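What follows is chain A paired twice: with chain B in the first complex and chain C in the second.
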Partner chain A sequence: MSASAAQPPTIVRPRRESISSWPLADRLAYGLCWAVGIGLCVVALGIVAFMFVKGISALRPSLFVESPAAGVLQEKHSGGFKDPLIGTFIITAVGIAIATPLGVGIATWLVEYARPRWLARTVESAIETIAGIPSIVLALFGLYLFARPMFSFLSASASDGTVTGLSFINAGIIMAVLALPLVVGTTREALLQLPARMREASFALGKTRATTIRRVLLPSSRTGIASGAVLGMGRIVGDTAIIVFMLGIGSSKIEGLGGTPVLGTLRGTGTTLSAYIYYYAPTGDGNSPNKAYAAGFVLLMIVLALNALVTRLTLRSEGERAAVRGIGRRMWAWERWPWSR
Partner chain B sequence: MSAEAYPPTIPPAAPPNPLEAHRQRHAAQLAGHLKEAARDRRVELALGTLAAGTLALIAAMLVTVLVNGWPSFAANGLGWFGNGGDPVTQFRAMQTGTALPGHPLLYFSAWPLIWGTLLSTIGAVAIALVVSTLAAIFITEFAPVPVRRVLEPVVRLLAGVPSVIYGLVGLLLIAPWVEGLISTQRKEAVQYVVQLSGEGLLTATLVLTVMILPIMIALTSGALAAVPSAWREGSVALGVNRWRTIWRVSVRAARPAIVSATVLGTARALGEAIMLAMLGGGRPWAPNPLDGLTFFFEPIQPLAASIVKEFGDNPNTPIGHTVYAFGALLLFSAALLSLAGWAVRQPLKRYGIGI
Partner chain C sequence: MERLTPPPVRRIATDRHPRVVTPTPPVDGAGNGASEVTGTPSALARRRAARPAAAYPPEERMRIESVSLAYGEKWVVRDVSLPVRRGEVLGLIGASGSGKTTLLRSLNRLTEITAGAGRAGRITLDGEEIHEIEVNALRRRVTMVFQQPNPFPMSIFENVAYALREAPGRRRRARRATLEPEVREALRRAGLHEEVAEDLDRPALSLSGGQQQRLCIARALAADPEVLLLDEPCSALDPISTAVIEELIVELRESVAIVIVTHNLQQAQRVADHVAFMHLGELVEYGTAEQVFEQPRQQRTRDYIGGAFG
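Up next, the complex of A and B:
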């Protein structure tokens, strides 16, 4: 009796809450969450694995060096996607070369000047609106715009003098509109993340806003701008509607206009991988699925590479920000996903 | 004539006037400042013009699609939105240039296309709303760190896959599976009205769901992650379990983000053209919910997909006007939805969530 009284009282430690104490409905919801999370991984894995298996089995080295050729029935050896591949690179370069300076300029104005206030708010919602405009509508707009006689220097004209409006430069300009919101969004975010003391230090040295922007702010948000540009490139690479309407269907070759090497190509027509896939897909006019798989595999590889680049750049800019602000690196910055804007 | 002294005497320099020197220095400095300030103003003006250019761009786009689409609206009146005959014959009439008897050449009734757009969009958004909310909760609250580390790139990947690849995968994975669900009996029962194949409402909606998921997940999980942890801790301290805390506190606080994600997902689903042109079934058709299960297998051809499928390259033809009218409808809906999404997200800025 006395022995038991001498025993220390057992301490009941609060244990970690376990799922088993939850009501059934809550446990079901928890299970659903897991199912959805795993389901997403399965879907992504499925897409990539499918394109890998189908693509690699359909891929031949000759596809990379041959131009698209007509001949639906001779699928085995009738042309490859050399021209679409080059076209993808050209259109991406043109589009992003136009979108990046414009986007950086707009974002800078929005963050650093933004006067008058109402205009800034309107422009902000305008960027949002542009981000929501379907690319097919952009294509309709571009097709009409660049077929005006005043833009005849940008594309070929038919024999009766009507401007076709189909060229790399025209499609690139419309692609730039497509990529613009992404560049503006990331640049804006990067500029907003810079601490106020960087601006103040520059102002204290007697520098104007313009100088501060050029010498201090833009160099410090380089990685943010770069990731915006890469996101924009991803968008451009994958877009099909604008290419089909403004550059050429998937079976066309790169045809320059006039003799000048670079300008001629830019003013000429061609096609890209995405349009090539659309054309040769089982529902398309070309209907040679194997070519579509092979090209789809290559396109997916390009997209994956761009994706990896964005991840690297985002992590790096997170690290830079952390270094500037003197706080630990934030690994899971969900709210800062650049493309969610 | 006076003789000049040689060598000439150099007049002594004026004694340095500190005040004058200061004035000169000051004037030079001021001139420099003024020049810099003027440059600053020029830069501001240039960048401001650039930014205002986006407004001009939107205005130009609206005018373009409206002006080119107007003949189609004008020729049909409100009947444009109604249900009157088969769009296939109407498109063919416009292509051949022979008007249907008793109708103008531009006669068109877009209801089957609008109905297809509505069905695929609403279906995809309804599924994606549930899935994206659960996925966002999983990512922000339940997923162990390794799983989370996999999920982030996975969602990014799903956002980055081009729509033409979604179309390809849908054609080769989903469509055969859906086709397997359709019994021969069901096919034969309707074969004189419409051909059923693997491509149709169900396939298109499923793939469309996957396509709009990433942006919805990103917006929702961003808002969930930004809910002040004190709010959740308060709830947990009262003995509420984790799921109910998330459901009653976090999700409720993130409601504006969920609404805005839904709105943006809707805009994206409306505008998807290429994938729906590949997976819709290739025929403008209005699936009838009264057909029972057959409803899910009937073909659709939404507005955006119709632009891709029917348009040649000349806006100034009957079919061009019709297609630009589709574009006008899409542009208006997309612009309204984007603005709505933007407006809904404004209250979130109070919590410092600048999405």
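Up next, the complex of A and C:
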């Protein structure tokens, strides 16, 4: 009795399921799943690595502080991408500052009110439609809309009085439309995930629906709202068509209209990194591909940083965060990789 | 080997025939109504003292008169009449689906959240039909604590202060200093103050389940209600937290009328003064706890208490 008690029990390892018992079709599909999964990682890593190599070799500190030389469409481009970089930040800020309150409002209405039903369904389809419109079509529409005389206060006018429709604020409004479905989607998800008993608890204290939304529901879904905003920012940062159409072909500097500094800049034209890449790329008019690579690298870094921010925001529990950190540690622990043994 | 002897059964001493407290000042429990924090009568005490005594009959607070409740076409409560009195705990017992929770929720019109809910009969609060009272005003006078502790994801302080803020006749952005005495008093009444007094800014969700439920009770008490509805408040809690909350309920009935829905017959026996047994939407039996549990008049009550169904 006592002898056997002192012995640690032998751990029986049950035999695992063997793939050889599967039908051939299942085995093939299994292999295919693995292959495409790994293939996707290879593609993603390949793009990032390509941009790293091409971008870092072309990157110069001077690029960040110099404005592009005038007339990007002419030969012999020079200068840096200071203005496009600032322009990217301006357009993102304008776009998301418009899209976030609108999107949160729409999502709140859809989740908390949604009466009459037919209107709610219409709003939902409208959001889906907007999400499906190609940004170049949005840009075309935006250009038509903001070139109307009634919107002359938003952009510069030519000497004969025609409104150009080209300005940061106009482009930002159209960018907001582009980002809106993302903000609505994530906010809606966040609100839907809040337990019904949270609303009940507030109603049972004699709070109105509006108070409940403002003081309990929206504060509780702020991570969802924030990640929607960040996703929308990622969308705005990368969009080119709207910039090319609505900030002006050939703008290379941020050119404010006269008047107050901030308003003048918003009403003025400029350019962004995405448009800069478009003009400088090897295929188009550009003959400075190195600068396009450098700018592309910077743009990629911005987008990756925004993505990392979304991941960080949406990981609710400490456990999930620890798991992601664990993946990171495992990736960096080179000595534990098979070829290091 | 030592014989295991069962520990003595823990019973909470409850007065089966409670003295019904007259609602006129001075305020019970809080001495002369002076707040221990500020030394001046707290706003809570002042408000309670300012209540017109005549408007409140000494005992009966709510009256449920031949009430039937339906969700759409389905009647879930049929022709129930019950009094809700201050100074006593009314226990609603019955099997699942007997309509007791629906009846409870109808007392502060929380059933209206569900589409298609309808009611026949009268429910009055201090003689006034509750349909005539503005719904949010009613819910501040008749507050509710739910089965699952449901504190908001904010600090302890904010959870209680939320009940006080944005009430009519109050500045929307009340400063913390003005709310703090009331928040602390509500926590004290819910028996939670000692445990959290040091750190009111802790997130409420970091509390234990029992503490969270007492926080919910504090939140429900902060608005200084006349009736407190408890929907199986202990079913998600461990026995020790349950005992703490049961003691609290017995204490609180001095100042508020309490209605508790429970599946737990022992709990009903421990805390309730009057018990109503419901079955399939009907009120089968209503009487004092002793009478219902020891000499049930109805066969169905006898079967339920004896464990025949439910």
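Observations, loosely collected:
We take it that the second predicted complex is superposed on the first by the 289 of 341 C-alpha atoms of A that agree within 3 Å, B and C clash if a C-alpha of one lies under 4 Å from a C-alpha of the other, contacts with A are read in each partner's own complex, and residues count from 1 in each chain.
Note that in this section a contact is a pair of C-beta atoms (placed from the backbone, for glycine too) under 8 Å apart; a residue touches a chain by one contact, two chains touch by 3 or more.
Everything numeric in this text was worked out from a predicted model, so none of it was measured.
Superposition note: with chain A as the common reference, chain B and chain C can be accommodated side by side. Touch criterion not met for A:301: it reaches neither chain B nor chain C. Counting the residues of chain A that each partner touches, chain B and chain C differ, and the larger count belongs to B.
In the superposition on chain A, contact is made by A:200 with chain C only, not with chain B. Once the two complexes are overlaid on the shared chain, A:21 sits against chain B while remaining clear of chain C.
Of the two partner chains placed by the overlay, chain B and chain C both lie in contact with A:208. Think of it this way: put the two complexes on top of each other by chain A, and the tightest Cα contact between chain B and chain C is 5 Å. In the superposition on chain A, the residues of chain A contacting both chain B and chain C are 208, 211. Of all residues in chain A, only 195, 197-208, 211, 215-216, 219-220 touch chain C in the complex they form. Within the complex, the chain C residues that touch chain A are 108, 110, 113, 136-141, 143-144, 146, 148, 150-154, 162-163, 165-167, 216, 219-220, 223. In the complex of the two chains, the chain A residues touching chain B come out as 17, 21-22, 26, 29-30, 32-34, 36-37, 39-41, 43-44, 46-48, 50-51, 54, 102, 105-106, 108-110, 113, 115, 119-120, 122-138, 140-141, 143-145, 147, 164, 166, 177, 180, 189, 192, 208-211, 213, 234, 237-241, 244-245, 274, 277-278, 281-284, 289, 292-293, 296, 299-300, 303-304, 306-307, 310-311, 332, 334-337, 339-341.
Remark: chain B residues 36-37, 39-40, 43-44, 46-48, 50-52, 54-55, 57-58, 60-61, 64-65, 68, 131, 134-135, 137-140, 142-143, 147-148, 150-169, 171-173, 199, 210, 213, 215, 218-219, 221-223, 225-226, 241-244, 247, 264, 267-268, 270-274, 277-279, 282, 304, 307-308, 311, 313, 315, 323-324, 327, 330-331, 334-335, 337-339, 341-342, 353-355 touch chain A in the complex.
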